[in-house]
Each structure stands twice: as structure tokens, then as C-alpha cells.
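Each chain carries a letter (A, B and C) given by its place in the written order, and its residues are counted from 1.
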Amino acid sequence: MTTVTAPDAPPGATAGIRKARGGGFWRYLLVRFLLIFPTIFILVSLVFFLMRLTGDPITASLGDRLSPEQLAERIHAAGYDRPLFVQYLEYLANVFTGNFGSSISDGRPVTEILLTYGSATLELAIYALIVAFIVGIPLGMVAAYFRDRWGDAALRIFAILCYATPVFFAGLVLKLIFAVWLKALPVAGRASTRTELRLQQLDDPTGIYLIDAIRTGSSSAITDVLTHAVLPALALGLLTAGVFLRLVRTNVIGTLSRDYVDAARSRGVREYRLVRRHALKPALVPIITVIGLQIAMLLGGAVLTETTFEWKGLGFQLAEYLAKRDFVAVQGIVALLAVIVALTNFIVDLIAAILDPRVRY
Amino acid sequence: MSTETRTPEKAARVRPRWWNRLPVLQQLRQSVGLQRGMLVVGLVITSVFVLVAIFAPFVAPYGYNQLRGPDGLFGAQQPPGPDHLLGTTVGGYDVLSRVIWGAQTALLVILVAIVLSVFIGIALGLLSGYIGGWFDRVTIVIADAIYAFPSLLLAIVAAIVISGGQSSLWGGILAAAISITVVFIPQYLRVVRAEVVRVKSEAFVESARVIGASNRRIMFRHVLRNSTRTLPLVITLNSSEAILTLAGLGFLGFGIEPSAAAEWGYDLNKSLSDVTSGIWWTSIFPGLAIVLVVLGITLVGESLNDLADPRLRARRKPAKTPAQAVAAEKPVAREEMGDVV
Amino acid sequence: MATHDTAVDIRGLRVSFDTDGGTVEAVRGVDLQVAPGEVLAIVGESGSGKTVTSRSILRLLPETATVKGAVLVGGEDVVRLDAARLRQLRGTQAAMIFQEPSTALNPVYTVGWQIAEGLRAHGKYTKKQARERAIDMLRKVGIPEPERRVDDYPHQFSGGQKQRIVIAMALALDASVLIADEPTTALDVTVQAEILDLLRRLRDEYGTAIVLITHNMGVVADLADRVAVMYLGEVVETAPVRELFAAPKHEYTKKLLAAVPRVELVERAAPESAAAEAVVEATGLEIEYPGRLGKKPFRAVHGVDLRIGLGEVVGLVGESGSGKTTIGRAIAGLAPVTGGSLRVLGTEMRGVKEREFRAKRRELGFVFQDPATSFNPLLTIAECVAEPLIVHGLASSAADGRDRVDELLDAVQLGGAYGDRYPHELSGGQRQRASLARALALDPKLLIADEPTSALDVSVQARVLELFEELQERFGFASLFITHDLAVVDRVAHRVVVLHRGEIAEEGPTDRVLGAPQDPYTRRLLASLPVPDPDEQARRREALAALQREAG
């Protein structure tokens, strides 16, 4: 009864609506795309200013090893004695051209660190996501369907446990059980030394060990790589699976109580199909949006998982640089991750927009 | 019709007693069956945690930084036994005592983090939602940017700023708490803002505007109190997240030095190498402590969440108090923050 | 008794729900029969159990429900069927139409997909066959260009079209019984007439039995063959439609019929003061809502001239999207005026600053449509009613203004004890009366009432309207009474303004506009309004059809 809504479109006006819908979609994408830039800008600036509040990175990293004169010289050489604002502008300009700085301890450019170790993190993240999807989404639907019965309660406790267990603790326990006591799986690393050497002999390795192992064609290499991946993937994957389970459950319960589910039921549609088709797909839009945010959490979790399993990826490196107090490297890696997060979120929103026919901004 | 003609002389009403109107207890009365079971379990675990934290000095057999007893040094990596129920760590501390004292550290961090973030978050959310316009848009873009970022990484950066990486008890607690606050403010902001935007368009706020009430009066008398109903929920959820973040920081070496306080994450970090040699007691117990506390708090939060949402609540009772009547509508904020676990 | 000539046979139906407060009996021993090709209307007010009764025909009840008795559909007892057979029966024997068409369609699937899904749940259809049948059905329910629109999503259709699609879905499986739960309540009156026509055609062409659940006696008179009146979970009276309207037997039915507002064309002269002084004067009023992100702004109101004299009640009538609420909000300073001029109580509202207008707000009251949300749930009724007194400095606190509050509550026939209650402890009608009390707290010169009765049951609505009339006579305030219901406006207004798509279609004294409308839109609007009298309604239906042929 409110007048804010546009009047009901007369039948002839549908062509107009179609057009508007197409326009709305592209406009939405454009706005979302443009939002990437302020997001990156805000995060990069935040990281920069936070890091600089503590003083200059050279003192932090080498302060206890160099004399004050040597320090002052290094600081001057690196330009850290200039006004903060000048440094900030320079930093922004560098970031804009893809230069995230170089580490102090070993002088490697951050982008190079990313290229070297990024593939390992990507591989781990993909494994973990696969585990999370396989475990979280079907179980979430089951829990929603059996809501408030014992099965549901058990699944929810499982989900909370998945979430309540810190990844590194889950990693430790898995390691203790499967690697130390049962000796069924390797303790740490991405592959055995032999396999690693073999993979390095490939010309132009992808860095994603599974792909590289398949390329060598050796089944023992593939098995080796996969057995190394099981525990880290489980530790990180179950954490995310818990989140997915709960998310799917809540949203599917929400859509199951909608009129259109009742309407479909009144047409004799099967219960399984009601959950699978009618409740899940509308629920997917919010689910996917949140999954986008979970990718950020997955990256945070990857840092801890990689440390636990000595999985030599970005997170492992980050922890190393943290231990060395090499804050330029830390700042660079964190800023770079910010860019990645902003980009993934855009892609996720894109998928959500394609799934939802009503999308409008 | 029947309600219309109901006798007016029966209009005298009994106000529910004040303790039934307290946030968590009220939901406890409202809950049934499994939901109640989950809530009760959560409340029990949470209260045990709080009690242990408060009475740590009396409960713990030794101090958190105690290395020697009357019979000399404890010795490193001693298995569980009569002297040390849960064994000793690689550094020679008593595991049980460290676990108990760790509860105190965790509780302090939660309290400081929540007090800081709740106030700033509510204030920003109220302003952002009520004023709207450019202020709102800019705040939201910033909040979203921070929200989308891995909270652990942000906490690391914040910890570096605040403590330079290593710290005393209060330095460490503040560092952890403030870094968690930075991550949480955007969440509170979004939750409160979403509620404010919803409440703002409700007829009773418009009615206050038609009457000619000032913005301040509308904001504080009508909007604020109707926008904070999801806070108990967010607080519980963030408490568990605070514990996990604190543990994560400790695990990466940004925790509190063992001489300053006990911290579970730090102990887990130190036990990393023990695991490979089959020494399990140094990692399992602090780890279980984290899992239990987070489990307890999350159970409370999940139950509050379900009870606050009519779509998720098992069965519905007619509202008994105004707060329940507010809670009977579907909170927007729940959708806003679908992912806070 | 389950012979071939009953489509639905409900016997001794009892439905109860488990709640924390104990078991609540929603339906208490209902017996009803529906013959093939018959339209049975179940009428009653909210809480009467009419919806639960109708839903139990398909056993579409929540898990907390316990059903006893028998519901025979096509000779099978739905109450005792196993899940598999029940599923087969749903859709093929009996189908359902919902109140809110926009929520009964899944937003993420095309309408064609949704129709086809129902077909494929019950038989073998290839994709192509299912699609053809879907197109066929859409054509039958009057969706233009069905070949193209079958691939559209629900949000691309108007409200009336969505309801047609829901009917098409029910129709696709040749169900012999159609359960229509308030099928036109969410629709405008002109669209309602079209949907009712469609349902009538289904009955005539396919011999479908229809169970029509409604609270609108006009709809009953228009479509029903037989009527069952429900009250507190029981059927209190069943009678053929003419008999029921002509000679209602049960006390409740009589009361219900008496409460239905009718267009009676009483001449109601505006007070003399109206000509002398205007409280609201709009000339060429334009109100636009800014479009988002470079889209064209939406023009809700354009070129409206409106005058409300001192002590005069002006009824503002229109369908959804006509701009009537927007005008009311602009007068109250809740929506900005973007063009023309609007003077309210001597203040020009175009570009007005809130600070300048605040003092004038003393002389302005507002009653909102939805009684559920118009009170702060955390304040008592007395505190809510005292708000205007406190804001304008007439009372320092709610306790201080309590005498005046009690006086006001008395005036709206809510005893003083109600003041200590919280809003959720009052019924919708009581809240709407309290809302009147709050609006009148400062003895305003102008009262804006935005659909104050449309969320209420008929008998409650009658009481609120009566109260409104009485208060208006007593306090003599001028009023803008916004409504979509012509019968309501007939009851209260001195003058009527009919809005259509943001422009004035017609205006004049109430009896003139409703008795002898000049504008084609007003005539169509008036003709679409079903009256609670089956014979009269049949005549009006003819007249409407003629009117539409005329319009082409």
C-alpha cells in the first residue's frame, strides 16, 4: 500500500523492464568493480600507517645488532627519515605499479615472495575449500531438514567444534594421531625430499605440487604429494566446513519457511527436491556472499596451518618474517593479501549476482 | 473481535520480575527442548570458565611462572603424575597451572576487547545508520574493507604497533584486546547500523518525527534501545573469536611472555616440536581448554541467535516482556552478519 | 457420505497446535462439504481458524499441529494418507492459491520452470512438452505473449499477473479442487475484479470446486455459491450465499454483516469554517523520489491541487502507486516537496527546514497504517501517548502528563489501566485507538490518517471508524483520510479526491463523486468494488464488463 514502489507495470511495459534489468546488472557489476579500489586503498593505507606508528622498520629489525650510526645511515639510505606523508605517497605510487617493497632481512621483493610461495598457499586453500564444500554444504542441508531433532543437534555440535578448535590445535591433534601414533601419514611438509627434488627438475614447474606430480607421471610422486596434503587440508578445511554447515543450515531453514516452498509442496513436489531446489538456490545468494568473506578467514587460517605443518607457503613465510621482525616484508605480504581479498570478494559478488535474477544495486 | 471486547478491568498487569527481563535469563525461560539443552550446556561451560578465571590463584596448584617447588626444579616435559597432574612443559612449567592461569588472561582480553569495541561500534553504528548520506557510505566502505580482511593478519599488524611484538602482562593483554577491537568494531557497526536503519523507518520513529521530537530524543529514546537486541548475541560470538585470535597471536609468537602471564596459544606454539616426539600432554590440555571455552560461549551465542529469530526458534510463546516483543520480529542484523559464527 | 458429488468432505475436523503455553485449539470440530463446480466461501476474522481449515485439505500444516477427524478429497482421507500418496494427491486432486502472490513464487526460477516442475512431479513430461503446457496455461490465465514470458522471472511480472501465474500452476495439473486463501487481499481493487473473473471462469469452464477463504464480504457476494461462517474455530453458520446475506441466522454473522462498510451516499456537508480558512493548500504539487545511481528519479505525485479547509475531512482515495501516501507524508513533513507549492498550517513546505516547521507540529497529528509498528515496543502506551506532551513542553515527564493521557485514552474508549500496558499487549484495534489518542494529544487542527483501518478486521474497523467520526465531531479537526477503500471514505469524508498514478482523476463532495462519478477511472474503481449483496453485485459485474468494453 505504500506509494514508494513503482506502479504495477502494465503488460506492455515488459520490454522496458527487461532492459532495465540488464542495465541494473551491468551497473551493479561496475559499481562493485569500482569498489575494489577504495577497498584496496583503505586497507593498504591502514596497514601502512599502523606499521609506521611503531617507528621505522630498520630499527625494529636490526636495532639490536647495529650501532646507532650504522642504523641512522641505513635509515637514511632507505628514506625512512623523510616526512611520513612523502613516504606514504611514494608507497602508494609503488603499490599502484605493483611494487610492494623488499624484505629487509634477505632483500627479496615481496612480489617475488608471492610468486614463489603463493602457489603453495593456493594449493592448500583449494584443498581446504574442497573439504569444506564436501562436508559443510550437504551436512548443512541435512541439519536444516531435520531441524531441532537429534541429528540436527549432533551436526550443530560438530559444526561448533570444527569452529571452536583453533586450526593449529586441530593440526597438532591430527599430527599426533595420524602421523606420530599411527604413522599413517607424514608429519609435515608438502612432499618428501625425494619427490621435491624430482618436481624441481621439471622445466617451468607450476609450484602446485599435485599438477607437477601428475606431469612427472610417477604414481609414487602423486601419492606422496597427496598424503602430505591430507592433514593440512583437513585441519583447515574442517574449520571452514563448520562455518559452511551452520551458514547453509540457517539459510535453508529460512527459505524452507517461505511461502514458495509451501506452494511447491502444495503442487506435490518431493520433499528432497524442496530442500535441494527450492530452498537451497535462493539461500545460495547469501551463502555465497558469506563464503567470499570466509576466504579471508581461510587466508588467516592458512598462516597458522602452514606454520603447524611446515607447509612452505605465504603464511609460513609471513610467520618467519614476523619472527625475524622484518616488518617491511610483513607489510608487503599483508598489503598484497589485501589486494587478493578485494579481488576474490569481487568475483564472489559476481557469482552471487549471476545466481540472483533480481540483482539490482 | 474477542480481543476487542476483552474486559478492561482486567487490564491491571503484572510486570515480569526484573531478573526475567535480563537478556540471557529471559531467553533461557523462552527456550525448549534441545535448544534449551544447548543453551544450558553453554552457560555451564561459560560459568565454569569465568569462575576458574576469577579464582585462578586459589585453584591453580602452582604459579603460572613457577619453575621450582620445594623439591627443586619441576623438570622439563615430565609426563602427568601425582606431582604434576597434567605434566610439565618444555620450559619446565606445570601444565595444569598454566591452563588455569590461561583462563584469567583469556577472560581479561575478552572483557577489554568487548568493552572497547561495543562502545565505539554502537556509537558509530548509531550515527552512521541515523545520519545516513555520505558519512554513512564512507563509514561502511571502510568497515567493509576491514571486515573483509583476514582478522588474524590485522590483529598481527595491530599487535606489532601496540607492543612491538613482545610484552608484559598488561601490555600483552592490551595489545591482544586492542587488535581484536580493531577487527570487531566494523562488525558491531554493521549490526547496529542495520538495526538502526530498520528501526528508523518504522512507524513509531516516524511518529516521533511527526510529533516534532528532536533528533537527539529520537535517537536515544526510540532508536537506540530498539537497535541493541542482537548485541548479547554478537558479544558472545565475538568473545569466542577473541579467544581464538588471542591464541592465534600467541601461536605466532605475539603472545605474552611466560614470565608475565599464562597464555594458551603461546604454550601450544612451544609444544609444536613436542608433538613430533610423541609428547602429547603439553599441547592437548591448553588446546582442549581453548576448544571447551569457545564451545561453551558459542553454544550460548548460537542459542541466543536462534531464540532471537522467529524462523529459527523451535516454538513460539506469546511475548511476555517488551524486549521479547522486540525480539519477535526478525532482526535484520542477523542477515547482515550471517557469518559470525 | 463420500459420494461422487462431493469434491471435499471435511468431517469432525479438529486441529490443535502445541505451544509452550500448552495446546491451542485452532479448529474445533468442523464439518464442511464442497460439491464439484461449487464455490464455498469460508469467512471469518483473523484467528477464526479459516486458514487452518483450508490448509488441512492438503495437510499443509506445521509439524506442531495435531489433526483429528477426516478430510476426504476425491474419496481419500488426507488425514491418514502416507507421505508418498499425499504427495501424489497434492496438486492433482487439490491445488492451492496463496494470499501473497509475490512470495508464493520462487524468485530464482523462471515461471515456466516452476509450472513445469509441478507437471514433472506427477507424470512423464519431456522438457519440451512441459514447456508447451506451461505456455498453454499462461495463455489460459491471460498472460500476454506467453511464449516469451514463460522464461521470465517472477519479479518481472505485476502483482495481478503473479497471482494469475499461481492460478496457472494450480490449473496445470487439472486439480478438481482449488483452495484460494485470500487470493485478492494483496491486490488492488481493479485487479481483484479481474482475478475474481478468472476464478469464476475456471469454475464455469472446468467445473473446478473452489474453497475461497476471505474476510471480504464483497468478494463472497461476488463469487461464492455457499458460505460457511467461522468463529473461534467453529462453523457457526452455513448457508447459500443469497440466504446468508438476506437472512443471517447466527448472531455473529449478523454482527459481521452489519460491520461491513457500504457505499451509502449520505450527504455530509463540510463545516462553514472550511471555506473561510485552509489548513492545507497545494498547488501544482510535485514529489519525486531520487533515483539510485543515476537512474531517473521516480515521480510519485505530479501537478496535484488540493485544499483542506478548517474542520473538513477530505478522503484521499487511490490504488497502490497512486501517490496517496506520499502526499500524506509530504504534508507531515516526512517527504520532501520537489515542485509546486504546499502550504501546511501557513508554512510553505517546499524547501522548509525542520527547525522552522517544528513549532507547527503541535497542530498536526498522524495515524499510521500498521498498528503493529506504530508504537515504541519498549514504552508503555501511556508513555507513548505522553510523548507529544513532553516534546512540546506541556509535561515534564510521562507521570506528569498522566492526567491528560488518561483523559485522552478515555476519549478513545481505552480505560486508564490500558495506559500501563505495553503495545504488544493490546490488540490491533486497541492500538489503533491509542494511536488516535496520541495524534489528538495536542488538540491538533489537522489529522492525517494513513489507511488507519486497512490492517484491521471488519468489525474492529467499524468500531475505529465510528470512533473517528465521533472524535471529529467533538474536536472539529480537519483531516486528510487516506484509504484505498471507497466504502470507508463514504463513511467519514466530506469531500473525496481520487488519485490515479500521481494525478487527480476526480474530486468533489463525497456523495457526488461516489454517486455520479464523471471520470472513467473513478467509474471503473467504483464498479470494481464488490458490494456485500449477491444480486446487486451480479448487476454491478455486468456494469463493469460494459464499462470495460466501452473503454476497449
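Keep in mind that, in the parts below, a residue touches a chain if its C-beta (ideal position, glycine included) is under 8 Å from a C-beta of that chain, and two chains touch if they have at least 3 such contacts.
None of the values given here were measured: they were computed from a predicted structure.
Novice: Taking the mean of each chain's Cα atoms, which chain ends up nearest the overall Cα mean?
Specialist: B
Novice: Identify the chain pair with more contacting C-beta pairs: B-C or A-B.
Specialist: A-B
Novice: Taking the mean of the C-alpha atoms as each chain's centre, how many Å separate chain A from chain C?
Specialist: Chain A and chain C have C-alpha centres separated by 48 Å.
Novice: Using mean CA coordinates as chain centres, what's the gap between chain B and chain C in Å?
Specialist: The separation of the two C-alpha centroids amounts to 44 Å.
Novice: With chain centres defined as C-alpha means, what is the inter-centre distance between chain A and chain B in Å?
Specialist: 23
Novice: Quick check: what residues of chain C touch more than one other chain, meaning two or more?
Specialist: 369
Novice: Touching residues of chain A toward chain C in the complex: what are they?
Specialist: 1-12, 14, 17-18, 21, 27, 31, 258-271, 273, 277-278, 281-282, 285, 355-358, 361
Novice: In the complex of these two chains, what residues of chain A are touching chain B?
Specialist: The touching residues are 35, 38-39, 42-43, 46-47, 50-51, 53-54, 60, 148-150, 152-153, 156-157, 160-161, 163-166, 168-169, 172-173, 175-176, 179-181, 187-188, 242-243, 246-247, 250-251, 253-254, 257, 286, 289-290, 292-294, 296-297, 299-301, 303-304, 307-308, 318-319, 322-323, 325, 327, 330-331, 334, 337-338, 341-342, 345.
Novice: Help me check something: in the complex, which residues belonging to chain C touch chain B?
Specialist: Chain C reaches chain B through residues 18-21, 45, 47, 64, 232, 332-334, 358-359, 361-362, 364-366, 368-370, 373-379, 384, 387-388, 391-392, 414-415, 417-418, 420-425, 427, 429-430, 435, 438, 457, 459-460, 463.
Novice: Residue numbers of chain B touching chain A in their complex, please.
Specialist: Going by the criterion above, the answer is residues 33-35, 37-38, 141-142, 144-153, 156-158, 160-161, 164-165, 240, 244, 247-248, 251-254, 265, 268-269, 271-272, 275-278, 280, 283-284, 287, 290-292, 294-295, 298-299, 302, 311-312, 314, 335, 338-339, 341.
Novice: Spell out the part of chain C that touches chain A in their complex, as residue ranges.
Specialist: 58, 60, 83, 87-92, 95-96, 98, 100, 103-109, 114, 117-118, 121-122, 143-145, 149, 152-153, 155-156, 158-161, 166, 169-170, 173, 188, 191, 289, 292-294, 298, 300, 320-326, 369, 451, 454, 484, 501
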